[in-house]
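Two complexes, one shared chain (chain A), two partners (chain B, chain C).
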Partner chain A sequence: MKRIFNRGNASAILTVVVLLAAWEIVARIMKSVYVPPVSTIATTFVHEWFSPTFGQQAIPSLYRMVVGYFFASVVGITIGIVIGSSKAMYRLLDPVLQFLRAIPPTAIIPVGILLIGIGDQMKMVVIAFGSMWPILINTADGARLVPAERLDTARNFGLTPFETLLRVIVPSATPMIAAGMRTGLSIAFIMIVVSEMIGSTDGLGYYILSAQRTFAIPEMYGGIALLAILGYLLNAGFVWAEHRVLAWHYGQTARPV
Partner chain B sequence: MSSTLASTNEIILDVDGLQKRYSDGTLAVQEITLDVRAREFVSIVGPSGCGKTTLLKTICALLAPTQGEVKLHGRKISEPPPQMVLVFQDYARSLFPWLTVMGNVMFPLKRRRDMSASEKESAAQRAIEAVGLTRFSKHFPWQLSGGMQQRVAIARAVAFRPEILLLDEPFASVDALTRADLEDLTLHLRDEFGITMLLVTHDIDEAVYLSDRVFVLSAPPSTVLEQIRIPLQQPRDQVRTRSEPGFLELRNHIHGLIGKRKDDAMKSFVLPEAAPTLTLEGETVP
Partner chain C sequence: MTKKRSPVNWTGFGFFLLCAAVVEVLARKGYLTSYVPPPSTIVAALWTGLLNGEISSQIFWTLQVYVQGLVLATVLAIAIGVLMGTYLPVFNALKIIVEFLRPVPSVAMIPLAILFFGLGAQMRMSVVTYAAFWPMLISTIYGVRAIDPLALDVARNFGVTGTEALWRVTFPSALTSIATGFRVSATIALVVTITTELIAGNSGIGYYISQMEQADRLPPMYAAIILTGLLGYLLNTVYFALENKFVFWTPAARERAV
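Let's turn to the complex of A and B:
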């Protein structure tokens, strides 16, 4: 249906081409070891990532991220719904959560290493901790801001509190949950790189840092480029899925109500 | 259904000395006593902000009264009874945007154990048909106009087979033509499904046009100023009913009741000559 090369895409692609060309020219004039030309980076990129290195370095990162993010979503949505739909729980837990949330997630990496060691679990826990907050906070807001008429309608038709939760509160909160999950996804991506730079023997964070330390400069840039591409694809995939699941929400907000 | 017949029907809803004071101390409803007979169309009119929504929510037990009680078939209610369904003014907020028209109408039926799956399906279809939306049953509410969305909310209520429909200014946010259509729709539903209607509105003409009886409320904290029987010819007709001499008399009487109190309040800043010719809607009284 939609054409891939429409006017907007064409100008976006043009911008990218111009920037890459500018890099290529500047790098060739500078002749610095630290800033290799795009063509060199591209050759290294293809050589490195269309090889078993992808399985050795990228797959472990993605695996940790998926598991950590999954737990962040389950825990964040569950606690968010509980807090958002119960004023008592909100009053009880909100101050603690606001405090915990203020901790930069990278700061708990030392705690993770201390308690769990430097294995996969530590990274998953750190990723889960970091990406859970936006999911939790957004879910709680979504559950708390359900229009009173919807809740009254549920009560009027005799729904039990549990039925109301499943059939009214959770669906009402889904747009906010999705927004939180999207923010959580980018935080998960940051956390995976940082945790792999601090204590790891594989993964993209480890790969980039060890490339820099061994003066494999094109490899370092290639690793960063792969992260950018993976991040872009993950986000695009998320948006695609979100627009399918929440078609009703986007359909509704696209029109004046 | 004639009003004389309705007046001999049994009283099904009995509101006795109802008072609602909010937790912040505001007295929204001072003391309301009214009764509704089976298959009757009863309206409650009053100036805006007189606690009409609060009153309806208290009647169907979504809010607990601070004094007085509501009896349904002589039995005091404390939880929302399935025999009463409230239709909200704000249809956009009471409908579920993630469900289709059919999904919305089926929503309250799904959990009912006293109906089979096919009974639920046909009840929903019949209700959707009765409000004239059969062609749109697979649409989402937000794809429909305001008036059509309110029809969905009404269909959802009717499919649940309540005895009494409580209508909270259901036509306040639609245009005049749609409004007339919806008014006639409620009259039609009363006859087709035998549902008793209790409407709150600030529109005096609408109340007179639709009702067998009208309760006029005062400004808050509200009480019943007067109970008025509407002996207009049945069935009602938008053109004929509204031009009956009785119609004008009744509406002017109610305007007088509400307007007099408003005039009293306004005397301090309205010129003495201008005041008596003003009514609530700014029209000139003949």
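Let's turn to the complex of A and C:
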């Protein structure tokens, strides 16, 4: 798929240029408040985001997200390993976890506001809650589905249960954990935007929604564009890190990278 | 070696009830904050809300937006996906736009949607369509591209070409991948429907949750939150059943049938 995406770039770029040009021309002719010309949005983007506004709006969002996501990863991987490597724990906790997981993560935000208020803490907690589930479930599956021969080998070599956990189960589950963390990251990103739209006085979610309410339309488009760029960079960064950390795995399974 | 287990996970459900019972006692004794009502009052609120229509009417509004958005997204995604998957020039022309728009979190589009559609159901539907479109588009493109060239060659030998080949070979082969994409999209669509209602709605379960939060009526608020989970679970079960019945040639369905 990757190769396919690299072919025929000329027509791809041409389409983008034509569309942007058409947007610019139509917007200038229509003079609609709702659709400012691309050039205006670009100017506003540079003016807004290469300024202290970035520190005031984008940095708080990223900070909350990183902290929430960190806790989600720690808690999700820990519980996931525990219930994945013990059948008894899995059966005990499965219904509770299925129940909590089925709730759409954003529906938790009002509860977070009630219990914690609208500060940074609330956002970190709801981000952690929302992005924890894919990490937890994937980790549990990864730990549960360790090939039996690996466990048998470990037993033959006389590894203690703790050593088996650390040296066999955790490494075997890592590719699954990474897949869960990637899903978790995109949920964390959505959660930060939504939680800032519902209860906040700063952050990117707050910024774009209040830009719309105050009819600062180019600012709104610029904010959405920044979210798009950040979302793209976060995902690309994660994939980059994953391929470095899991190089051994891709080597082993000979999957084309 | 393996012990026979009953198909119902009694241990797990017992533990679930135990957790609920502990919260119940703690809440009734006043050890928890007043923001955590006893679970029994939540269940009671859900029951009465469903019976007297206060909550059940909201389900209708949520499902309406959800179904409309999902259907529109499905039609658009399959149409564009089949075109992009079949014709390389179309794929090349659109790929950068797809790669650029796909990572935009759908909720970031809410302000834009409000600008164009106001606060009504149409606005929510447009956001749901946007969110549900991408997974299905990608899985349609993959599905169409993954077609065994042999199948198309055989079709050509039998004189099946053009639109007919698209309809009788390409589409059924890709349908397995499309079905998977549909389930992903359907899950996202429900979450986005409720999220949009929470942020800027005037009806639906999400709107109801935020209203109850502001009115400090906590049992119905929790009841509605739990309801969203039940709804998601129910819909997912239905889609699985439908997929097994109608797209029975998918690898996953075949595996389950064996």
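Note that in this section the second predicted complex is superposed on the first by the 228 of 257 C-alpha atoms of A that agree within 3 Å, B and C clash if a C-alpha of one lies under 4 Å from a C-alpha of the other, contacts with A are read in each partner's own complex, and residues count from 1 in each chain.
Just so we're on the same page, a residue touches a chain if its C-beta (ideal position, glycine included) is under 8 Å from a C-beta of that chain, and two chains touch if they have at least 3 such contacts.
Predicted model, so just to flag it, every value in this text is computed and none were measured.
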Touching partner for A:206 - first (chain B), second (chain C), both, neither: neither
First, second, both or neither for A:45, with chain B first and chain C second: neither
Partner chain in contact with A:235 - chain B first, chain C second, else both or neither: second
Touched partner set for A:133, first chain B, second chain C, both or neither: neither
Which superposed partner A:224 touches (first chain B, second chain C, both, neither): second
Of chain C and chain B, partner touching more chain A residues: C
Touched partner set for A:197, first chain B, second chain C, both or neither: second
Chain B versus chain C as contact partner of A:69, first or second or both or neither: neither
Touching both chain C and chain B, counted on chain A across the two superposed complexes: none
Partner chain B, residues of chain A touching it in the complex: 147-150, 152-153, 155-159, 163, 167-168, 171, 174, 248-249, 251-252, 255, 257
Contacting residues of chain C [partner chain A, same complex]: 5, 9, 11-13, 15-16, 19, 33, 35-36, 88-89, 91-97, 99-101, 103-112, 114-116, 142, 145, 190-191, 194-195, 198-199, 206, 209-210, 213, 218, 221-222, 225-226, 228-230, 232-233
Touching residues (chain side chain A, partner chain C) in the complex: 1, 4-5, 7-9, 11-16, 19, 34, 88, 91-96, 99, 102-111, 113-115, 186, 189-190, 193-194, 197-198, 205, 208-209, 211-212, 217, 220-221, 223-224, 227-228, 231-232, 235
Residue ranges of chain B touching chain A (in the complex, touch as defined): 57, 60, 62, 80, 82, 84-86, 88, 90, 92-94, 96-98, 107-108, 111, 140, 142-143, 160
